[in-house]
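Two complexes follow with subunit A in common, the first pairing it with subunit B and the second with subunit C.
For the complex of A and B:
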């Protein structure tokens, strides 16, 4: 066999091995942080440290027995649900308006809607904190309230919903919308009865994305919450500075599992819609 | 005179420099089926969209049953459109699709159920009530769209090239169905198409459109036999054209009454006689055979005379090889001259 032939048969093999190694590296790179916390959450010791000598669910029990931690979890979920509602409603309506109607300063408004998405969390957090620092509505201090955090989180979530829904609305067949109006449905009725069902995957995705964005957000929540309203990431950060117990790993696992659940829901809904509409 | 179901009075629509609809006036009597026929860009679909309320007028007026509607939005007009794509609601079943317009018109629940059943039976889709549009064939979708529009019993039905997305045999079948439905239900309709066969077969009257204006409006037979212009004549069916110029005649042409000056002479290919049949006819032309197409019942002879390309259909056997010279003949009544 000549050298050239050997080289030719060797080259694809080397290339294949490299491809495989690289893929393994990428997958490991993505999965390792999640797997490490998952493993650590089952540690019986009082410190986050390898090797694990005894496996147990002790810290899970500890997490749910602590009022401070369950309250932080409750705060996180409340704020995330609120954010999902605010961001989805405003984002969907804004995207529909941009898709259907022409109005002055449209492109300027587009930039304005998208801008907060590219703003650092500290800038938004600090801005909202200063602006609403001493504001009271009906005797309730706005600063430190969950509502204010929802609104702040919506600054990030809404542009995302807007972007997603704008692309989704562009895929719908305008003739179907016209057919609804032609048969006597006013614009609002058309929107809810015909348009919304056609974009249900986009809406479900929007709700869950906004939910996840809010659940994960840390900087704005740190700036805007107090002891009673602090979210899980904020409490984790505060307790990490004092003592890094596996309770932190438990909190991480709960957050990560919630995110996985949301992604699964989006996938399931998408598959369901595909079955129904595309046979 | 009774009020027409639909009346357009000098309707106008301008897009920038383009006059899409140029002062179109048209009346559709109750129960009448009027076709807007024309090539793409002739303004037929634009006109229909103005009637449906999907576009705004730049001039003129539209009345349904004698009442002006051009200021009303689409959802307040008593019209129902059958779109080219069907435009069914993908997330509603066939029955829900048909019921939609009735619900919007606040028809009672039991009556809705009755009418959905009735109109699905009319379009022969009685067993498909619970299917989703994605589970239907193209022809079935279009029949659901038809039932959905018929069920609201609009003052006028608007057909926007509803058959152009279907294949030929289905198109012919559905066009016969729509015609028999019209005979049965006597609805008033405007039907937009670029297919002259559809227009001829279905319509009470045909309006041939060109550049945003109606070139001629009349019954199909009169449009066919008495076209108002060269455009209508050539658009309505196949034709052969001969440019005749007395001064420099390069054709071996005999006419019953000679033409003076320049003219364009037209004959339908089905009216041309070939070979021995041509000898006794008053108008004759010698042409050279280019090639022959077998069309089943007939053969189509592609011919050349001077610089004109012609074709003639002939049913019988004839041994004409390419390159042979053949006699063509026709009756004066079958000939049109435009200058």
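For the complex of A and C:
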């Protein structure tokens, strides 16, 4: 009986120790690569080597002085903005169609729209590359163009927007939409003047998520870009294969900072909307 | 008059029937032209011939598929990919489950912090994560330095380009997917069930085995298949952190496509990968569908 008593009193202690140990492990596991990169970006040396002896902003200066790297950053931003526009427009419209209308083959079309999201990037990149490899439109090679990368990235971004907006549209008050139509507003006007303002948080989130997905993606981009249009992650991948320098850490930090800026924007917008409702 | 009315009504009805298709048009164009067409093209390409230095020669042959399942390089790669994905998914699900349980059981003030932490691997580019581990594992990396300065080892060590490094990277990339799936399942459950278990005299372990595990089985299955699909398709992390001999299917697709310019073989490899992913999805869907019908 005393045995059972000891076990009873010991169990919570063991449990607490295990919980603490696991918490430390998971925090360390997730933060290690992030902190290593952040620290390394302020290194002064040419080689990646711990401990860091001299700290400086040398590699940040080097990054912005190199036309190859700034151009890659510019390409990344252009492609990400394009993806955000394409994915959000098509995703929002399709989600609205699914929410408001009934039509044949609905569940099949749902699967079709969601399917690219489950496909590995390697496969999507390869497929688009071989199908549009030699296609020219108005004398411009489609292959290697930024537009093709935007659409390829939309294959992942659009289903996500679609999923997010489908859930968002479900939360709106249908009576408001019906009221607008009863007052004689045509569907298009109802959509733009009544529905869109109601789901602005969902749309802003969609735009920024699509932007982030495109900004970070590099397997499809690797298959679809050439030297002039390569994105920052592609350039990072290619130079990691030859030799890693702290410049790569700087590039990582810039990418991550952009992503966290987007996240902050979503949060700020969300808080603004909440305040509006509260008022 | 009534005639005009009927035509107007008919026009309205027709417009109403056309509206969803017009709304879906951009999405359908993207999916059909840039996903459906390439997939069909890829399927056709995998039967083309490959001769000499040309990308492909039109023709019809099963050679590439036969090659895939008889040549040792490819069978090893397929086996390696499946093995690595299976192991990585099991570990990811275990860590993700423990992490989700931790967040679920902890007081709410910790929640935001942990969820933010779990979002990090999801929001940071895979290439940045690879590079982070790439600086952690080698001889002059942080791990070796930390162990040296703490006196645990006397000689510098390198875990870079080992299967362990590839494994750590893979689990890192897939962990957030697992975590969020499992957390959402746990959130739908009543915490008081655990108390009920404890009140009835069950130890935490017994409560876990008898109450928690059966209720989250479907979630675990979905999380497992999600990670499996994800790890099957990821090639950058294992190929950058793992040994040179660690050839996964993704790596071979890229190698055949960009390195050897053998389009038919790369396509055949992709088709095998796609079929593998599709099988896993269908399998999980059928299993989880059965579970939900049982519960409802």
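We adopt the following convention: the second predicted complex is superposed on the first by the 264 of 279 C-alpha atoms of A that agree within 3 Å, B and C clash if a C-alpha of one lies under 4 Å from a C-alpha of the other, contacts with A are read in each partner's own complex, and residues count from 1 in each chain.
By our rule, a residue touches a chain if its C-beta (ideal position, glycine included) is under 8 Å from a C-beta of that chain, and two chains touch if they have at least 3 such contacts.
Being a predicted model, the structure only gives us computed values, none of them experimental.
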Practice problem: Determine, for the superposed arrangement built on subunit A, whether subunit B and subunit C clash or fit. | Solution: fit
Practice problem: Report for A:26: first if it touches subunit B alone, second if subunit C alone, otherwise both or neither. | Solution: second
Quiz item: Which partner does A:109 contact after superposing on A: first (subunit B), second (subunit C), both, neither?
Solution: second
Quiz prompt | Angle at the Cα centre of subunit A, taken between the Cα centres of subunit B and subunit C once the superposition is applied, in steps of 10 degrees | solution = 100
Quiz item: Which of the two partners, first being subunit B and second being subunit C, lies in contact with A:198: first, second, both, or neither?
Solution: first
Exercise. Counting touched residues of subunit A, say whether subunit B or subunit C comes out ahead.
Key: C
Self-check item: First, second, both or neither for A:231, with subunit B first and subunit C second
Solution: neither
Quiz item: Which partner does A:176 reach: the first (subunit B), the second (subunit C), both, or neither?
Solution: first
Quiz item: Touching A:245 in the superposition: subunit B (first), subunit C (second), both, neither?
Solution: neither
Quiz item: After superposition on the shared chain, which partner residues are touched by A:152: those of subunit B (first), subunit C (second), both, or neither?
Solution: second
Practice problem: Check the superposed model and tell me the shortest C-alpha distance between subunit B and subunit C, rounded to whole Å. | Solution: 5
Quiz item: Which subunit A residues contact subunit B in one complex and subunit C in the other?
Solution: 187
Quiz item: What does subunit A use to touch subunit C in their complex?
Solution: 7, 11, 15, 19, 22-23, 26-27, 29-34, 36-37, 40, 47-51, 86, 89-91, 93-94, 96-98, 100-103, 109, 112-113, 115-116, 118-124, 126-132, 151-152, 154-155, 158, 162, 187, 212, 215-219, 222-223, 233, 236-237, 240-241, 244, 248-249, 251-252, 255-256, 259-260, 263
Quiz prompt | subunit A partner contacts - residues on subunit C that touch it in the complex | solution = 16-17, 19-21, 23-32, 34-39, 41-42, 45, 95, 98-99, 102, 117-121, 123-136, 140-142, 144-145, 149, 172, 175, 203-204, 229, 232-236, 240, 250, 253-254, 257-258, 263, 266-267, 270, 273-274, 277, 281
Quiz prompt | Touching residues on subunit B, where the partner in the complex is subunit A | solution = 52-54, 73-76, 79-81, 83-85, 87-92, 100-101, 104-105, 132, 134-135, 148-149, 152
Quiz item: In the complex formed with subunit B, which residues of subunit A make contact?
Solution: 173, 175-176, 178-187, 189-190, 193-194, 197-198, 200, 276-279
